[in-house]
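These notes open a run of structures that come right after.
Note that chain A is present in both complexes that follow, paired respectively with chain B and with chain C.
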Partner chain A sequence: MKNHKLFTLIFFISILISCNSDDSKKSTDKDSFDRGALLENWADNIIIPSFENFASYTTDLEEKTEAFVQEPSEANLASLRASYEEAYIQYQTVAMFGMGRAETINYRMFLNTYPVDEAAVKGKIESGSYNLELFTSYDEQGFPALDLLLNGLAEEDAGIVEFYTSHADASEYRNYLQAVSTRINGLTQEVLADWQNSFRDEFVSNTASSNTGSVDRFTNDYVMYYEKNLRSGKIGIPAGAFTGNPVPQNVEAKYSEGLSKDLYLKALETVQNFFNGKHFGKSETGPSYKQYLDHLNSVKNSADLSSLINGQFDVIKQQATNLNADFVEQIQTNNSVMLQAFDELQKNVVLMKVDMLQALSISVDYVDTDGD
Partner chain B sequence: MKKAFSAYLNRYSEAAPLAVFRIFFGIMMFLSIIRFWWHGWIEKLYISPQFFFSYYGFEWVKPIGDFTYVIFIICGLSALFVALGFKYRLAIITFFLSFTYIELMDKTTYLNHYYFISILSFLLIFLPANAYYSIDVWRKPKKSFQKIPSWCIDSIKLLIAIVYFYAGIAKINSDWLLEAMPLKIWLPSKYDLPLLGDLLQQEWVHYFFSWSGMLYDIAIPFLLLYKPTRIFAFVLVVIFHLVTRILFPIGMFPYIMIVSALIFFDAGIHHRILRFLSGIFRITKARFDNGLVKHYKPVKRKLVISVLGFFFLIQILFPWRYLLYPGELFWTEEGFRFSWRVMLMEKAGYAQFKIVDEESGKWFYVNNSEFLTPFQEKQMAIQPDFILEYAHFLAEHFKEKGHENIQVFVENHVALNGRKSTLYIDPEVNLLDHRDSFKLKTFLLPFHDTIKGL
Partner chain C sequence: MKNALFATVVGGLLFTSCTVDDNPPIEIDNIDVPETYAFERNDNSSVNFEGQTTRLVMVGELLSSFNDFDNATEASLSNMYSNVNDPFSSEELNSSSKSIKSKVAASQLYFTGNTEESHALKNDFESFITGQVNEVFPNKNEVATPGVAGQIADGSSVRYVNGKGLEYNQAFAKGLIGALVADQILNNYLSVEVLDAGDNVEKNDAGLTEEGKSYTTMEHKWDEAYGYLYGHPTVPVANPNAALGDNADQLLLKYMGRVEADPDFAGIAEETFEAFKLGRAAIVAGKYNVRDQQVEIIRENISEIIGIRAVYYLQAGKRALEAKKMGTAFHSLSEGYGFIYSLRFTHNPATNAPYLSTSEIDAMLEILMDGDGFWDVTPEILDALSATIAAPFNYTVAQAAE
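And now, the complex of A and B:
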């Protein structure tokens, strides 16, 4: 008899399924979060404007480099250096966008692999033969190379200028400097053009839920950028978090006194703004991880994750006020402040990689094996 | 009672259902191995990683470099032999050993499905699945029997019933039934499925899937056993497994279960299947239909029945071993595996290991991606036995690198079924002070919530 009851129950339930699946279109009270709108906001209001903005800086960088190379003077050096610093800071607003052409050409690696290989750069300049398109030359170009060429060649500006005027290889130095700036601008224009042309639509229309969908891939990239490039690259590795031995030479922009913290803060701000869907250079916000999490939260009634993550970003920024403007100096005088920064950054790795990805049901690993 | 049992042991039925089961099982396994290879998973899971997580007591089972492919070849071929019923006993023993070896190589890849295949193939070693419609008895008609003892077929039914039933009662818990977790996390992310996509956003749908899934698992063995409901039950089996196939990445398993469920049917359908096969391959089926009954010699029968009895006793008791451990099972996972707890948890974690020099106090964090694949890291970060094994591995590694007085600590956050992540392992505990065992893992921090249920 018991079987009979179960049978009736299951039968009833299966009738329920078949009835309800027919009118699925009607029930839209809690519809799915619109991932298309999310991707549009990311592409149109954040990513493309960020690249447009950055591209104007790299254009200026190339022009200022040309001016300096034409007439290597201390005044032109100062003006080029200002352009470089501003461009380096603005680079932090696009560094995390690693999809599309940026991925195929290894944009991030070419623009910002540090520490720069000083010996290799000088060797190549002196030999006069180099090919910046080689993958083996990641650490001989980009902003870290500019950092070396504009700040690291000598103590005084006069001494630096000499490398471009009276040094035995002065013309090679000028050529190399020009090549590095030109390449930064060229690659940036290429990535921007790709976003403006075909990739934007490809990105926005790929709303699939699989691990090849834009949201999944972008999110993996986003979390990885935060963990590897921001937490480890800017703070953890130079502070020796993974070895126990601090390595100040691994600080980003180590030759530019006082720039490293600005870069860090800009990258941090970019990651947080992106989390909140804040339009580039504007105060309005659009569909974002925050909205997505809040939407899912309304279904699940669990912890208010977006506030926790934003709260932790605020703690990180607060902690950063303890950091010296120059991380090299910070590491040499009191490395523990760097390690504190690492630990605070780490808390958001957990919240984003564990809690946020769980909430969004996005898997971290790219292994597409079977599940239970 | 005893009389009834001995009467049962002397009941005989058509061998066709078991033969059909053997054929489908062999083919499915063969295809599974091909598929595994085709996806590049042998390389990805068993060759490229530099470290493998071992089951307690099976530390000696490791991938053997490029020769790992040989194990898969042996496994695939033996599956084919099983399907053909060619050198059946040797083939099924080889399959059981090679398949189980593969599963033991790295527990990162543990799936209940694989465990099911392992124990099912173990069971098949003791059953006369080649007595009918096999190459073995085609060649030796003396060993060909149209009928075999009923218990041979019933033992497979029993195993399938145990799997479903235990999977069902494991779902009787507050997360699954009252919170619709983890389906509430998983289903909405399938928003792009045609027709279903929007529906899967509805909360009632999450509850519906949770409850009907639980009821299905508990009821389906009975519905399959009871003749009047059998066809309906089979339709449910097909629907249920196809739905899970659409919603979740579970590979071949749905098909294996659908085909396995055929064993519950009377022999008529199996004869029809075999007639169909005979037509295609021009096999004279009549040659097997000799009306003979396979009788076991008393000693052999006693032996086989004892083995099966012991086997099922373990199967029935083993899933309850979690009761021996205090604490929340989903949290501690002590007694979680090998218990048909399927799809119950969405668990994610992050483990940051810290290597400390006890004398100098100098320390550094470990970059897990140096040692583990993303898949391994993900599994490691949520299971205490993985964490412990990895901690000992790290200590060895850094000792070789010249570090001394090593202590290993971990700051490990775990989120379970949508709860906010919290600390999992006591960050103050030097993991090297602990060894893996079946004893309670005292370095685990308590779960700050309760999940009621079985």
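And now, the complex of A and C:
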């Protein structure tokens, strides 16, 4: 294997190369990027406004649920369903913000664990006995449970309404539906209040560049959300990217025909907007990963890393135009398009998880495990 | 930083600061290499590859069902491939979270970001199952003729082939040697992307083990590579070559034994084992360039075994064709088909890519299956394919042929 002549020839060169590689870990304390301003922009212009916005939708969701529960008509079902769909879409704008109260209470798990356990939900409704606060009940509540309760009980709206009117357990169905909506709103108000009261300052002032600092922790969360929840949850797992066996029943919002793609696109847009520090609901931008990377002059293969990442987001959005509005249907008719989406999403996992984190000198605090 | 570094180099400190990374002969002296593949931490073995053993056992059970005309169904075989619906006879296999299919064409290096091809390859094995059950099973009592599946005599044995003379079970088994075993070893577990993922290096340097385990993540990844080759339960863990040629592995190790038995390649088994052992010891010692040199040896040797066996079976098929022993020829060619398929997963350390390109491999498989398949293949075609396969490797067709 060893060619000693060649080895001698390249000896001095390789010393330089190897020593250079030791230099790649720069000390973050010495990079002059203003982490405090970055965190302020995130908290004040993006995270808190996103939660404020979402909380108005969950309030509406709870109200529309009350209206339907009091008078279960097809018209009220349609109005509740519209509120649910819009709230589910708006949820995608806060789903990735997993720090603070959201982390303590496992907010994301309670709001959006799918697939919903249809048998468990129906069993609990019929028994009339349930406790949505249990950590074993993640997949019996949140938006996936609403998806089932508003769309999955019967083919026609008239049939769905019957579950809340003439069904033997109609009053339990009404109670459960109400409990699910109330809990979505309650947890959301709780997370929002925490950001508004104390967590904002705690978050913004923790400018340390260690693995306990806000930037490091948030960034791990951000990349993990992109990899696990967006890439794997919305696309990879239902497409069977890891097993070779597609599972259309694992599509997000599987009972809501045509909603899955909207959820995906909203999540994608949110991740990219955040990357660019775009203020929620506005066109202006502030300190961001993009600015941070540009400040560090991060390049890969002689291209700006931030441009590569944004360029790849654009490719992903372009590819999404090939996707059916309903992912269940897409998987059943031509799963290749889902796999293509997965492969495009994966490219930004590499650019962000490897290149961006390296540039920002942030170490990954979660690992992939293949279970062996 | 770079200027300061250059000054350091010019200042003559380079030998103290930098030679360590670039002078493997010195380092090898500092690596404690055991006699056998036995590594311990705090008196507990730090070697573990249960997941690999599980998959090798699953493959064994699946293959033994492939010609079970009375009991096997398309669903039962496919369930075994994916490990769904409790398909195996052992509860331990059924309840394990592992499956064969999820690790077929699934390496980090070749298939990350290449999911479409990964799925197509995974599904090739489904199609072997489908073909077996839908083409061969109904014709088990027919005599095979061109275009008609059925049985064909190979000496005193009976082989069951499709209309083109291909035995699906051979395509399946020999295909898995590349798609499962070689791909996972060469392009997944031994790749820098997996060995050095996340903070594996820092943790390995610090001797930080996985929670509740006696191994570091990097050590474990290396052992998982080892397990795909040596992990069959009938193989002694620490000294596998003692059972070379006397074990129930049906995938790579079996054919390493065959290649080792050819005087042209004697020594390959020991060299490969030593590379695994030294590489593992180098991880313990934190000498990653020594580790990576062993990866190159393993990549070259395992790839070569696949290439050698592909040529071997084409040549054996050719000799049988010339002797008009069609059944014998078809059996060899079916094995050859699987080994050619497996070339897709080889890894040439010089190029970090397969020894032959996907298009070359696909073209060869197509030639073999063209028209009536093995029924109208000629010795000239088999010689040409053999030469194509041998070309990028360090052996001749003649060396591989017998």
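We adopt the following convention: the second predicted complex is superposed on the first by the 328 of 372 C-alpha atoms of A that agree within 3 Å, B and C clash if a C-alpha of one lies under 4 Å from a C-alpha of the other, contacts with A are read in each partner's own complex, and residues count from 1 in each chain.
Here is the rule we go by: a residue touches a chain if its C-beta (ideal position, glycine included) is under 8 Å from a C-beta of that chain, and two chains touch if they have at least 3 such contacts.
Keep in mind that this is a model prediction, so the values were computed, not measured.
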Exercise for review: Check whether A:L351 is in contact with chain B, with chain C, with both or with neither, and answer first, second, both or neither.
Suggested key: first
Exercise for review: Go through the superposed model and pick first if A:S336 touches only chain B, second if only chain C, both, or neither.
Suggested key: second
Check your understanding: In the superposed model, does chain B or chain C contact more residues of chain A?
Key -> B
Check your understanding: Is A:K122 in contact with chain B, with chain C, with both, or with neither (first, second, both, neither)?
Key -> neither
**Study point:** Partner chain in contact with A:T243 - chain B first, chain C second, else both or neither
**Key:** both
Exercise for review: Could you say whether A:V364 touches chain B, chain C, both of them, or neither, answering first, second, both or neither?
Suggested key: both
**Study point:** First (chain B), second (chain C), both or neither touched by A:S32
**Key:** first
Check your understanding: What part of chain A is shared between its chain B contacts and its chain C contacts?
Key -> 11, 14, 16, 20, 240-245, 346, 350, 363-364, 367-368, 370-372
Study note, to complete from the structure: chain B contacts chain A in the complex at 39, 41, 44-45, 109, 111-113, 184-186, 188-193, 195-203, 208, 211-212, 215-216, 219, 222-223, 226, 229, 232, 236, 239, 248-253, 342-343, 346, 348-350, 352, 355, 357, 362-367, 373-375, 377-378, 413-415, 418-421
**Study point:** Residues of chain A touching chain C in the complex
**Key:** 1-2, 11, 14-16, 18-20, 23, 26, 239-245, 335-336, 339-340, 342-343, 346-347, 350, 363-364, 367-368, 370-372
Revision key, fill the gap. Contacts from chain A onto chain B in the complex sit at residues 3, 6-7, 9-11, 13-14, 16-17, 20-21, 24-25, 27-33, 35, 207-209, 213, 232, 236, 240-245, 296, 299-300, 302-303, 305, 308, 346, 349-351, 353-355, 357-372
Check your understanding: Can you name the residues of chain C that touch chain A in the complex?
Key -> 1-2, 5, 8-9, 14, 17-19, 21-22, 24, 49-52, 82, 84, 97-99, 101-102, 104, 106, 112-116, 118-119, 122-123, 197-199, 202, 217, 224, 293, 296-297
